[in-house]
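You will see two complexes here that share chain A, one where it goes with chain B and one where it goes with chain C.
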Partner chain A sequence: MRRSIVPRLILALTAACIVIPAALLAVWSFTARWPWPNLLPERYTPRTVSELLFGSAKLSRLLGSSIALAAAVAVLGTAIAVLTARAEALYRFRGKELIRLGSWLPLLIPGTVFAIGFHMVLLRLGLADTVAGVLLVHLVAALPYCITIMADVTRAVGFGLEEQAAVLGTGPFRAFFYAALPSLLPGVLSSMSMAFTLSYSQYFTTLIVGGGRVKTLALVLVPYIQGGDRALASVYAAAFTGSALAVFGIFEWIIYKVQRGGT
Partner chain B sequence: MELAIKKLSLSIQGTLILKNVSLEVEKGEFLSLLGPSGCGKSTLLKAISGILPQDSGEVWLAGEEISSKPPHRRGTVVVFQDMRLFPHLSAAENVAFPLKMRGVSKKERLERAGELLEQVQLAGFQSRAVSTLSGGQQQRVALARALAAQPRLLLLDEPFSSLDEDLREDMRALVLSLHRRYRMTTVLVTHDQQEALAMSDHVALMFGGEIVQHGTPEAVYRRPVSRLAADYFGGCFYLSGEVWGGRFTSPCLTCPAELPDGPCSLMLRGRDVDVSVPGPLALTLEGCRFRGADVLAKFHTGDGTAVEVSLREPLSCQPGCRIDCHVDLSRAVFYPAGEGGRP
Partner chain C sequence: MKRLLTTLLALAMALSLAACGGGNGGGPAGNSLDLSSAAWEDIVEEARGTTVTFYGWGGDENRNNWLNGDVAEYVKERYDITLDVVGMNIEDILAKLSSEKEAAAQGSIDMIWINGENFYSAKENGLLYGPFTHQLPNMDKYIDPEDPETLADFSMPIEGYEAPYAKAQMVLYLDTAVTPNAPASAGELMTFCQENPGKVTYPALPDFTGSAFIRNIVYELCGWEQFQDMEADYDTVKAAVQPAIDYLVELNPYLWNQGSTFPESSNTVDTMFADGELVMSMSYGPFSVSTGIDQGLYTETTQTFVFDKGTIGNTNYMGIAFNSPNKAGAMVVIDAILSAELQLSQYATLRELPVVDFDRLSAGEQEAFGQVDLGQGVLTQEDLLRHRLPEMPAKLVPVIEEIWLNEVVGK
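Right, the complex of A and B next:
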């Protein structure tokens, strides 16, 4: 049987879209001079890497704080989403539509307007320029996505497995954790990854609400890109992408462990 | 009395589903809740197990009122039609689940799961992922898991309806043999008349959220309480007439009847008619249809009532011919005129 060439072509194209920019990023990260029209750089340098690791911005601290912040957003956002989605997908109550609309509102308002409005509220609460404030604004930005992802999964899983666990003698909390949650985990993984990426890549909201005091990788990355030092921007972008991928890997590993822990 | 339901009513979103249901099941008994889909039989099962809260009434199990207890404290285990196996667990882990929840050690619970899988004829399937099992095998795992929970009351919610016919027969036999082995009080919900009649000690017939009849399979089948109940088992016809002075008279048949005077109708089943022996019931042949195991002969009476009789061989006479048939009047059931279903 002759296989169609179309799927393979699409696959190759998709792979190229990912691999070529990534390779370019890697090459640019070590480039000292790359004059036109050379196919490859003229000179390479480890300057960017040492700047990244030991420079003024201190990568390790930046990475630590960015990942901690984004991971907190991922965990909190997904926890809230699991509960909200459960209410929205499986229960009937007054004002349900209002909550559904409410969970979408942060998406309907332009990011800049949203960030400035949020900043004013945080100023009044005394949370402006603090990590807690930035965490809150990232959470609100991530929740619409987390809730939507979790609502679909929760609707698909339903009450069935929990009911089964209950009649087999399992209390409500354990029924949720042992019977329903394992089936929700793929959604939990998507939701956490989504929230993590969203928080990790926030620039404007972090800048406004954090007032420059809360430093994240994205916050430092943007001036480098705007500053025109392409090599330095590349090495930061590589660090940014690589660290996010590493965290996804860890999420996936944890979920796998939790799922196997059910035995 | 092991299970006693007293005046149970239940509504879902404002619609009354169960109306004042009362039912008693003896210890070790196998009871079938039989009725058409939507009659509330599955809802009754969910009320007994505590999945759905009742509006009013009581549920007693082994002398204890359990309606205020949550499902996990009732000891009533349900095997659902859609099996509800935990997809992230293997076959043995599924069976061991209720034991794990009780804190039984891993070694002990997997050992017990292995034994139970053997009892449902799934020896060697311990480590199989449940998604790789066939429908019948999944049903067996669900059954073994229910047994592992050591239920005080086993509730089976149409457990065979998603299986192929030959598999269904095997599963029925398996369920009955396990019932004999453990003597577990069991309630089976089904819409399959033969299944209910063949498997149970008692049958409770449900229509429209009410139990209309409760008795042995023979009693429920032979003496349906209403025309609605008789029609549900099918294959019956009605002769309308009147009772005067202890005799039932209709245009096609006359017979003794111990009933007060007045109009009534007499229910007979096609199988109570014997076309090979001459008798009082005059039938006109409409035609015969070959069905493999039997031949379905269609007749009508003098007043146009349709009668279907299953025969071993087609009749030699032509459509339109008149046959005087014998009827087994000991099987006749009288209903007051205008009662149940049809006028």
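Right, the complex of A and C next:
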């Protein structure tokens, strides 16, 4: 009996850590004034929600551009990661360590330095202030995570299934897509979710490289957090989290469909 | 490992060299029009149908809505200009302009919301286009050319490199239901803090508002005239502000957290005041209390006040980036914001002090300005302007901030 209490306690604690802040966020979204030591807000307001929905920031456009950008980063980043991880986990070649180190570099360099350096390079290439430039910088920021996730999964799956398919006479592409990829799908899902979250929550890199021309939800949200408008920041944060969760749901659903169709 | 590192370094260098070589030439595409000598009608014609970007702080939802609403509609209707408002902190804007200058790259910023030490450094480093204000018809029509704030921004000569946008003035406020008597001087503030220990503080410098509050204390205790032509030398300034340092150190024990730390921004101080953790707060927006009351953030009994000896006021401005791709469009939008119509709408919607000279307005316009309802808990415009003191020279501001950091915090 004693043994089952500890995991339950931990579970309850973890749940509380997620649910309580989320509930607070919901309350703050409607709060005008909440002075200490009141248990509940003194005054509520619809100002923030109407600002979110009907304000000049145009929520639908922001959501569209942020989700499209992050989804592109998720798909491209994961495609690159699947290939890189395959090379890294299953092949031996000269310079392999270099590639491994290279894939980690964006994590090792401080974010501000990374963004400003990247901006200088893109300025010279004529890609600063463009969607392509922002896509590139998000991609580079997300790749270390995607590659690490995929490398572990790829190593676990190995060559076995593909070799078996080859023995039965399948070509290398079909063998990869039909034999290996389905087993890699859980990794693909994690990698896509990770890349999506990373791109979705980028503020500084988007601001510097996109020069304010590429508009995302984070770009509108962060000034309100910095500006100390807690109610407005809360309502934007709720929209931010909610939309990200919805996209994850869609990812899961697609993978589920694909897996069911595949087997 | 060593070989790996050398290869890596070589690779990095090769990459950055390649990047240098790939530059696509300097400067914005040549305008067909020579702007500096062009007639206003030609500038307006050049601007017609273009997009203008306006970069500035994006943390005020009311201002964002005003720019995207009233101002955008005004320039769309009259000049077919599309206004694109981009929220970005001034430090990031200047950093972006510096990198673009270094790379000799085409810019994307047209208009900038700027003033004070940022204007000083931007103008010094050639990040602004100008002079241009002498070409704006509304500058001539509505702005008092002799006003010290038209001539200089924190004592930095403007010389046509920026046009006024709105006037700000330092104000203090408290909740009269909690503390009925507002202090009217630095001396009374000391007593006020002693009566409300741990419930007063100010934003840590270099916060905009915190810095202005300290300059205000300096003005009151050391006089303001001597600073107008002082050298920006640490020891000279320190000797001059010594009475203020002594006062602030004496004040520390009665402040929030015994003055060992200060909240990092004026927003935090405002939030703490709204939560009842502090009994007094301060703002650079003279009418911000009425907006706060309207939003339900402050109680109806919140009241603005200033010290008898006055508070610092300054103007914020609009400039044009040196590499702006649409300078003509930027000039037209700036001119539009200087119009009596938009200044009135800014005064009425945002409750910002207008920059237009009252005597230059028509009788009808004067009446319209007079009828604006400024809401509750604020001082009148006349009352504010009567208590208005000039800003300190921009180059002294960082010196005072450094002195405060060394001599006041935690002492």
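Here, the second predicted complex is superposed on the first by the 258 of 263 C-alpha atoms of A that agree within 3 Å, B and C clash if a C-alpha of one lies under 4 Å from a C-alpha of the other, contacts with A are read in each partner's own complex, and residues count from 1 in each chain.
Please note the rule applied: a residue touches a chain if its C-beta (ideal position, glycine included) is under 8 Å from a C-beta of that chain, and two chains touch if they have at least 3 such contacts.
Only a predicted model underlies this, so the values are computations on that prediction, with no experimental measurement involved.
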{"item": "Fit or clash between chain C and chain B when superposed on chain A", "value": "fit"}
{"item": "Touching partner for A:T170 - first (chain B), second (chain C), both, neither", "value": "first"}
{"item": "Partner chain(s) touched by A:Q259 [first = chain B, second = chain C, both, neither]", "value": "first"}
{"item": "Which superposed partner A:L135 touches (first chain B, second chain C, both, neither)", "value": "neither"}
{"item": "After the two structures are overlaid on chain A, angle v-u-w for chain B, chain A, chain C in degrees (C-alpha centres, nearest 10)", "value": "160"}
{"item": "Chain B versus chain C as contact partner of A:Y178, first or second or both or neither", "value": "first"}
{"item": "Comparing the two partners chain B and chain C, which touches a greater set of residues in chain A", "value": "C"}
{"item": "Contacts of A:L161 with chain B and chain C, given as first, second, both or neither", "value": "first"}
{"item": "Partner chain in contact with A:L189 - chain B first, chain C second, else both or neither", "value": "neither"}
{"item": "Nearest Cα pair across chain B and chain C, whole Å", "value": "24"}
{"item": "Chain A contact footprint on chain C (complex, rising order)", "value": "4, 7-8, 15-16, 19-24, 53, 55, 57-61, 64-65, 67-69, 84, 86-89, 92, 95-96, 99-100, 102-103, 105, 108-109, 265, 267-268, 270-271, 274-277, 295-299"}
{"item": "Residue ranges of chain B in contact with chain A within the complex", "value": "13, 49-51, 70-78, 80, 82, 84, 86-90, 93, 97-98, 100-102, 145-146, 149, 155"}
{"item": "Parts of chain A lying in touch with chain C, wherever the complex brings them together", "value": "32-36, 43, 45, 47, 51, 55-57, 97-98, 101-102, 116, 119-121, 123-126, 128-129, 207-208, 211-213, 219-220, 223-224, 226-230, 232"}
{"item": "Partner chain B, residues of chain A touching it in the complex", "value": "92, 160-161, 163-172, 174-175, 178-179, 182-183, 259, 262-263"}
